[in-house]
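For clarity, chains are labelled A, B, C and D in written order, and residue numbers in each chain start from 1.
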Amino acid sequence: MRIEVQEAPFDFAAEVARFEAGLAGMGAVVTFTGIVRDHAQGGLQVMEIEHYPGMTAQAIEKIAGEALARWDLGDVLVIHRYGLLTPGERIMMVATAAPHRADAFAAADFLMDYLKSRAPFWKKEITERGADWVAAKDADEAALDRWT
Amino acid sequence: MRIEVQEAPFDFAAEVARFEAGLAGMGAVVTFTGIVRDHAQGGLQVMEIEHYPGMTAQAIEKIAGEALARWDLGDVLVIHRYGLLTPGERIMMVATAAPHRADAFAAADFLMDYLKSRAPFWKKEITERGADWVAAKDADEAALDRWT
Amino acid sequence: MDVLYFARVRERIGLPRERVETDAATVTDLVEELRAREECYAAAFADLSALRVAVDQELTDFDAPLAGAREVAFFPPMTGG
Amino acid sequence: MDVLYFARVRERIGLPRERVETDAATVTDLVEELRAREECYAAAFADLSALRVAVDQELTDFDAPLAGAREVAFFPPMTGG
């Protein structure tokens, strides 16, 4: 398991190469990448991500540990940025490796659902019209029911 | 949509970079990579993948087209190799991009289930003890029921 | 029409494709003609539940009509991905 | 104990953390004390259903006891990923 919470951008290709280099006997690797998206209304200039430094890494470790306990996985990687990001930049990534594809998919999906609603990050969007916090979606909270 | 059926290895990092370069307004990218796995019994020397040249690309296009029709996707990429591969080599990859993560995950999962059982590839394992075709699994056929 | 064989079916029959002159109305009729040819065909087509068929490069089933078909392919369940 | 505020809660209260001397037995008791302080606290804690709480950096609920707690954090529902 590797967890990185960082302000700096990360190199997706290099991270995946490093992740795969540590694997043996895994038939399936799933990655998820979250990208700062400009919304339909347009005008997003910057996304500011706040987090809870003392808690973030351990909260993610707990989520990743649960994934490792629930599925037959070879390894898990989570990288999540904070600070100021511009549209098109990568916010975060998850990678899972497993002998079989169903485990790799389920674990990545699970990690994303929990990171979305249980890791202490808050997103603020700065547009031409001002700044506002991104509201948590009921659908994201409801998605957690899939895993209980 | 981009579909490649090829004997040559592919550069995962370069393919993902090219895929992402063509995107706009997508918040989520999911990739799946299938890797030749040495089995618990060990001794896999070579995996030989046979395919049906006239049919393969169009069968995959049909599957990818169905994914594009079912989910809100920005783009889909499928690369699948044939010929001789050694343990640790990448067999194939799928990438999906969507505004929202649920669509990207579902589409990648769907593509893998259909590529597994509906794209005309056959795998043969060559070990120290001889060569044998990989048997299709009932579980892979049953997985298709999730999508109907 | 052209009849193609893949994977274990190809190995059992001993060739990847052949030209077959037939009036078979359906895939099942064609299979019956092939089975009657030689032992290796009978063995290859012994268990149709373990076979798949494509007509003109589209997956179909053994009831499919062959009128106008140019290419029929037989193979085991696929193992892609 | 240290009380931390994040995101909109931090903005409403106007500071990211403060030292609070309290005998509050539970998170809810602490919230009542904070609400009684100033208008900005009352506003920040007006709707607890829109807030989350962590005690010593573990997510918990408002019934949680505070005995021995060193750090309590209040924040809106998280929006990671």
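Here, a residue touches a chain if its C-beta (ideal position, glycine included) is under 8 Å from a C-beta of that chain, and two chains touch if they have at least 3 such contacts.
Please read these numbers as outputs of a predicted model, since none were measured by experiment.
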item	value
Chains touching both chain A and chain C	B
Of all other chains, the one whose Cα centre sits farthest from chain B	D
Distance between chain centroids, defined by C-alpha means - chain B, chain C (Å)	26
CA centroid of chain C to CA centroid of chain D, Å	71
Distance between the centres, which are taken as Cα means, of chain D and chain B, whole angstrom	48
In chain A, residues with contacts to at least two other chains	34, 101, 112, 116
Per-residue overlap in chain C, given as positions that touch at least 2 other chains	81
Chain-chain contacts as defined at top	A-B, A-D, B-C
Chain C residues touching chain B - in the complex, by the definition given at the top	4, 6-8, 10, 54, 57-59, 71, 73, 75-81
Of all residues in chain A, those that touch chain B in their complex	12-14, 16-17, 20, 23, 25-38, 99, 101-102, 104-105, 108-109, 112, 116, 143
Interfacial residue positions of chain B with respect to chain C in the complex	34, 50, 52, 54-55, 58-59, 80, 91-92, 112, 115-124, 133-136, 141
